[in-house]
Amino acid sequence: MSKPKLALYWAASCGGCEISVLEVNEAILDVADFFDIVFWPVGLDFKYHHVEAMADGEVLLCMFNGAIRNEEQQHIAKLLRRKCQVMVAHGACACWGGIPALGNVANREEIFDRAYFTAPSVDNAEKTLPQTSTRVAEGELKLPVFFDTVYALDQVVPVEYYMPGCPPVVDQTVAVVQTVMSGDLPPAGSVVGAGSKTVCEECPREKHDEKKVKRFRRLHLCDDLDPTKCLLEQGVVCAGPATRSGCGGKCVSVNMPCRGCYGPAAGVTDQGTKLIAALAAVIDSTDPDEVQQIVDTIDDPLGYAYRFGMSSSSLRRVRTHG
Amino acid sequence: MPTLTIDGQTVEVEEGKTILEAAEQLGIEIPTLCHHPLLEAYGACRICTVEMQRGKRVRMVTACNHPAQEGIEVQTRSPRVLRHRRMIVELELGRCADLPVLRKLADDLGIDRSRFGTGEHECILCGLCVRTCWELVGARAISFANRGTDREVTTPYHEFSDACIGCGACVAICPTGVLKMEDIKGRKVIHSELTLGPQRAIRIPFMQAVPNAPFIDPDECAHFTTGECKVCAKVCPRDAVDHQMEDQFEEIEVGTILVATGHDVIDCSEMLRYGYGLYDNVITGLEFEKLSHATSPTGGKILMSNGEPPKSVAILHCIGSRDENYKEYCSRVCCMYSLKFAHLVREKTGAEVYELYIDMRSAGKGYEEFYKRNLEEDVVFIRGKGSEITTWPEAPGEEGKLVVKCEDTLLGTVRRLPVDMVILSPALQARADAAKVAQTFGLGCSRDGFFLEQHPKLGPVQTASDGIFIAGTCQGPKDIPDSVAQGAAAAANILSLVDRGSVVIEPITSVVEETTCGGCRLCISVCPYDAARFDEEKKVSVVDEAVCKGCGTCVAVCPSGAAQQRFFADTEIMAEIDGLLAEIGDRHQFPA
Amino acid sequence: MAQFEPRIVAFLCRWCSYTGADLAGTSRLKYPPNVLPIRVMCSGRVDPTFVVNAFRKGADGVLICGCHPGDCHYNEGNYNMMRRFPLVRKLLAQFGVEPERVRLEWVSASEGDRYAEVVAEFTDEIRKLGPLEWAPMMAPPPVQTAESVVTAK
Amino acid sequence: MDIATLDKLCDRYAHERGAIVELLQTIQTEEHYLPRDALERVSANLDIPLSQLYGLATFYRAFSLKPVGKHQVLCCTGTACHVRGAKRVVDHFRRVLGIEIGETTEDGLFSLHTVNCLGACAVAPVAVIDGVCHGEMTAANVEKLVRQYRSRSGE
Amino acid sequence: MKGIEGLKAWQAAIQEQRDPDATWIAVCAGTGCLSQGAADLAAALREALIRHSLEGKVEVKETGCRGFCEQGPLIVIHPEGIFYPQLKAADAERIVSETILRKQVIEDLLYQDPVTGRRHIHEGDIPFYQKQMRLVCRLNGVIDPTHIGDYIVHGGYQAAAKALFEMEPVQIVEEIKRSGLRGRGGGGFPAGVKWESCRNAHGEPKYVICNADAGDPGAFMDRSLLEGNPHSIIEGMIIGAYAIGSHEGYVYVRNEYPLAVRNLQTAIERAEAHNLLGDNILESGFDFHLKINRGGGAFVCGESTALMASIEGRVGEPRAKYVHTVESGLWNKPTNLNNVETWANVPLVIEHGADWFSAIGTETSKGTKVFSLVGHVNNTGLVEVPMGITLREVMFDIGGGVRGGRHFKAVQTGGPSGGTIIVDTTGAARPAEDRDEHERGPALVPESLIDLPVDFESLTEAGSMMGSGGMIVMDETTCMVDVARYFLNFLTEESCGKCTPCREGIRNMLAILERICDGRGQEGDIDLLQEMSDTVADTSLCALGGTAPNPVLSTIRYFRPEYEAHIRDRRCPAGVCTALIEYSINATKCTGCHACFKACPTDAISGEVKAAHVISTAKCVKCGSCLDVCKFDAVVKQ
């Protein structure tokens, strides 16, 4: 029987996950041996009709990275869902909306207004906007409809496995591919390519029972950080405690606080509120006014809470048209 | 041990004893004026002179300080001794007024009048007071002044001496009573302690005190002010007095605590219109109880501050109770004790009694019948709260009286009652330190400051904290039967806990899932009871179930969701939320 | 349309607020039925996730009640809630949820009347704010017919 | 006597046992009487109860609590002087000075005291004024002496 | 300076400087003479010497009292020993120019014996001194008390040195006991026995005290000893302290004796400077410090326990002596208290030995006693006589008989505690048979009382007591009731007031006596006085009260008729009690010289010059001034 087919697609994302697939270096050869890559728009010149031509479920594994921002991506997602057996949400964007999902703080109108009118580098006196279909000399140009909200993959099509990370760490990617190749598939819906604990477990810094801070500090303003001590205990917002382990503590080992790209820990539905709870727990005061002052030092709670998980957050998007 | 004969009787006494002590041992009485067993013999009055024969020499010596020597023969009533004794008493009478102590001696010796006339001095210069002040009390405030016939006892420059600590010892020991104890400390006798005369430094607090033993009041005791005295220790036959004893604080471990700290009574002097503290004869119920009690200084007689029995008494209910400006609640006990007072006054003094009430709350067993009895005893009941007490007479018959203004709602008129004495029934209120006590025992406080029972109906003596119970007026105003009942209830509860042998701990506790806990220790940081500890090997937090009280704070804080609370897990609460908001049916489900 | 009846989820601490609410009931106090109480062991137990989740599931307001500071049966539980509350409010504000929709009140076991008062006042306030209507936000992406998408020849 | 000298005096006698009467003597000779604040100061410095000092001040004839006159008139009433008519001399002094024994004249010039024996019995009856001894006093020379001292203090 | 040799060496050194036959004048500067102008006399002498440019060669030395106060101010010119009494400043010039320069005796300045009229040049042959035996007072009037050298040159401190270096303390006590020296304070308690019991009493430190209170009025022998020869007392105390084992001593001096205090203070300072007092006396290893304690002026402080209370800074209140002060005295430590004269005798006993001392005086009273002979006697002054001399010798041979040729009525010894011995030549005394059993005093009042030997036992037997040595001679112008009243008045003022019998008893007895003197005496007063006296004497706490009744009892005993005269006839035989006497002028004798008119302070006398004057009994206050000035004996007092 011919080799199992592998499909990769790059939807609303930075493409980092695609590149991270290349990062497996020589392991790509094993992949090539085992799989017959049938759809990889960024890597190989495949077209949509190639996929449409396939039979349903013909493809074994589809590594879908990127969130669903417009109509086209929704369509391809549905298409691939039909065509392949195992759909893997590859990377934070696919799993929870990722960075693009930060667009949910605004709607299409506000985004276009910013992108095409008010952005400082824009010179668009006629205020022209891209249209879903425009007639040009050569004929009719079509653009997909730009959704107000960015959706995670599993909010469009059912997803078998979620592979967190932005991008997923190389050896986690290798491990996932090998698991799939081995055929020993974990139960549907589980998160693969990550640990079962939180980043704190992999973080080399010392943690103490007493976690009390009088104010939170922006990283770039700190010059006295103790490299051996837990960042949160020093007043730097670090999403480590609320983020699933698996990355090996890459960021915290180089004095960068974790931003939560590996998503919520096991059993947690909303990573953001859990981080908020954690941040509140370290506030050192019993006086309401002083607590308010300390909270004021956290300038963008939403930004910290849902940097990578806006789409699958409880409230998904900001209510703009009130 | 010297042996000697006195008036023909031989006696053997210890070394260092005096003739006087030897005579006492034989029961022979020798008169003394300036001698006191606790003081060093002074030998000033010479009334104790006796005839002593030693060998062949016969001499007249004073018995109070002459040592009882071996082989001496003493005559205490020989003609020569009596002649001298009579002359000395005559000389004293010549100098002093007819003082009882001298009159007694004169009668014994058969002297009716002194040939040297009668003086007007009341001090016989025995020096007992000076020596007590110097040797016993140690204040050294008074001394002898001048010489010869001008000799007198005085303070320097006859002025008030700031060395005097007002202990009253000199007054107590003075045989003629010339020294008087001015109430120099300005204590208002009738009100504050209801004790008349100088306050003994060592006294039994009150008659029925348990234990019924004396205590030393350090502020009054001369030893603590001058370092001397200790007379009480000297005279106590069982050496029970020890001035070195200190208050001791004992720390005991108990399983259960019964808080029964009682109540305070509102300070009536805050309500200026009743003139409490201003007029002598406006007293509170508590003070009337002390006054009419059999062990009171007046022996239970109801007297005004000037010592006369009152002819008319007004008893004012609800002073501070059922009053928006003070206490809104009814203090529950005043009506009944006011009726008791009315009955007592009628019975003991027959005075006219006015009861000013709003509602007569005689709700207890036999209470109503007692109220009816008071009616029959012609107690005048006026339905209307006493509004003001003044001494400003406006009508005849009001001079020198306390005039009680009140509105008689049944007659619909404002009345003025001129009475001799007013008894106020002050509101019961939580003790001043109730808040602090509540915090110490983790008790809740109701708005009026009384402690909060676990449940008004189902747990009146239990409290929010297991093992801590409350009883009596600390939980709210109530009378003695109710307090006793609550006390018994609390005791029963405690005993049931005690003999159960084991303690039921809270089932609702937190537990940490080892596989998902990342070891961030946030739970340890927030736990108020330090129930969560970090396990160094497994690198995870662990919750000690016995210590955990089940508040769930750690669960809310655990970012990894590893910590969960039994019976209140996240999923359960989320389900509750879904259930509550179910009608609008926005289920999260897959698109069709 | 009938007057908008807001749906308010309330988290009541078992020792104080829940008992206070119970006292309000036994004292036969009248107060609006819009509040749906959930009993938690301590106000410290209320996780921001519950609050956000309640709004997501259609609640128009969330009320959290705890013991007065210092009275908490667990000594510090209510202090932890006090620390979370401003942060949750700030997060909700960023999501466009009016901060007034979530409220933290200290109600002790004896303050039955106060509990009734809080509920009445809060219900009025939410009624003025109108329904939250968060369901549209959670709608799946609009469905497009397959052909309108294919363009290129 | 100002406080400083008084304190110095107290220090000198502080360690010497049995010097209280000596100390009072010194004050009396210095000030001619024992001022009240001096006694209170001594009582404080030497920790002696004021009542004891007051007793001493009123017991001994040498001390007086009230200021005495500029000139001290001491009439000897010893037995020898008595039998030679000392009583008449004393009575005469009382009449001339207009004061009783132990008092001081209003103008503060003279104070009259009687003494047991001055040891000049040979020239009894004797009167000593400011330490100067005048023997064989008669009623006559009482007036002469008083005029003499009054004029001398008048300069 | 070390030991006896050092002392003797110093003595020899001084002797060398002194030319034995150089002339020098000793001016008596005792209080008695000073009060009669001795100071001016000394100054005048010095000026005269300067005028005659003799100031370097002839020295004027101011010495202590020589005893003959009557003849003060007096000088003795050495080496001849010429005695000039009753000098005035003016005589200085003659003395220097004649006696000093030309060695001529000035006849008219010499002492003239009032009885024989003979003049005597040398002190020795004056009767006043002949019968005396001046031992304790031998240096009085010879040495300058402020110059220690004078005392050393006369063998001063050698007795002390002898005691310190050659005798053991026990030996000293034995010597004093053998000498029979008895206390000169009045009690007459054997000094040796007292020292022994104090030495044996356990308790440290021990104190020695010199009772220089000399409270007895009319007795100033202690004062002249302190002024004249303070070193003898210091030396006596050193010996006593060494014997008893005490290192601390006090001299309790009366405040009314400023000269005595000053001289004693100087003596102490000089003695300490010369290592004769203080630490390591004469390098003997024995320390003894002496402090002066000025009494506050209270007769009661003469009593030992009251004196000690005064030193302790407490009020002079005696306390029961059932426990003797030798065991528990000052600050409850063993204390040995002796009188000034007793201490002064101690060096004599040690220097000459007990046998020499016990040879003087009678069987039971050894040594000499200094008496102050005062009152109506010619030769008032200090007399040191051997014990056992008779009253007659003292009063007449030495004393020169009664003044003004009057009759001798009584002599009072022992001061307020003493009694009155009656040598009644006026016959007013009463035979002894009818005195009742509890009366005190001698059974007999024979004429021969005048020949009563003066010693402890006989004086006590005669109803009086030795006392401190006051001997007050009274002539017939003295009213005995008034004497008793005087003593009781004195005792009422001096009683400390602590015990009832003394404070109240004496006050009431005085009231009775004053009533009698006022002419308001009643029957039975005398018996009441005696009854009260009995109780006061028996039950009083200290000697003051105990002996207070003696003057009253003894005057009643011998002069009951005089008392009865006062009570029944309202008459004062002696003319003393002012209420009972009247002054009138004998018109025949009155020359109208107007002297009494001017003298009378209450101008009770009226009359023109040259005419007979009249006294108005209403205004007369009986001051007696008129009697004094009247040269014509016109004023009559009866």
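Every chain is named by a letter (A, B, C, D and E) in the order it is written, and numbering of its residues begins at 1.
One rule holds in what follows: a residue touches a chain if its C-beta (ideal position, glycine included) is under 8 Å from a C-beta of that chain, and two chains touch if they have at least 3 such contacts.
Just so you know, these numbers come straight off a predicted model, no measurement behind them.
Novice: Can you list every chain that touches chain B and also touches chain C?
Specialist: Neighbours common to chain B and chain C are A.
Novice: Hey, how far apart are chain C and chain E in touch steps, shortest way?
Specialist: Graph distance in the chain contact network comes out at 2.
Novice: Farthest chain from chain E, going by the mean of C-alpha atoms per chain?
Specialist: If we average the C-alpha coordinates per chain, A ends up farthest from chain E.
Novice: If I average the CA coordinates per chain, which chain comes out farthest from chain B?
Specialist: A
Novice: Averaging the CA atoms per chain, pick out the one whose centre lands closest to the mean of every protein CA shown.
Specialist: Ranked by how close its C-alpha centre lies to the overall one, first comes B.
Novice: Report the pair of chains linked by the most C-beta pairs in contact.
Specialist: Here the largest contact count links D-E.
Novice: Report, in whole Å, the distance between the mean C-alpha point of chain A and the mean C-alpha point of chain C.
Specialist: So the centroids are 30 Å from each other.
Novice: State, to the nearest whole Å, the distance from the C-alpha centre of chain A to the C-alpha centre of chain E.
Specialist: 131
Novice: Starting from the mean Cα coordinates of chain C and chain D, work out the distance between those two points in Å.
Specialist: Distance between chain centres, rounded to whole Å: 101 Å.
Novice: On a C-alpha centroid basis, what's the spacing between chain A and chain B, in Å?
Specialist: Distance between chain centres: 77 Å.
Novice: What are the residue numbers in chain E that touch two or more other chains?
Specialist: Residues 298, 315, 494, 496 of chain E each touch two or more of the other chains.
Novice: For chain B, write out the residues touching at least two other chains, lowest number first.
Specialist: Expected reply: 143-144, 146-147, 526, 556-557, 574.
Novice: Could you list the positions in chain D whose residues touch two or more of the other chains?
Specialist: 52, 55, 59
Novice: Name the touching chain pairs, please: which are they?
Specialist: Final set of chain pairs in contact is A-B, A-C, B-C, B-D, B-E, D-E.
Novice: Going by the contact rule at the top, pick out the chain A residues touching chain B in the complex.
Specialist: My answer: residues 158, 196-201, 207-212, 230, 232, 240-242, 245, 264-269, 274-275, 277-278, 280-282.
Novice: Which residues, counting only chain A, touch chain C once they are in their complex?
Specialist: 48, 68, 71-72, 74-75, 105, 140, 142, 144-145, 147, 149, 151, 155-156, 269-270, 272-274, 276-277, 279-281, 283, 285-286, 288, 291-292, 295, 298, 300-302, 305, 313-320, 322
Novice: Considering only the defined contacts, which chain B positions touch chain D in the complex?
Specialist: Its residues touching chain D are 140-147, 154-157, 161, 163.
Novice: Residues of chain B touching chain A in their complex?
Specialist: It comes out as residues 513, 515-522, 524-526, 534, 539, 556-562, 574, 590.
Novice: Across the complex, what residues on chain D touch chain E?
Specialist: Touching chain E: residues 16-22, 24-25, 48, 52, 55-56, 59-63, 74, 77-85, 88, 91-92, 95, 115-124, 126, 131, 133-135, 138-140 of chain D.
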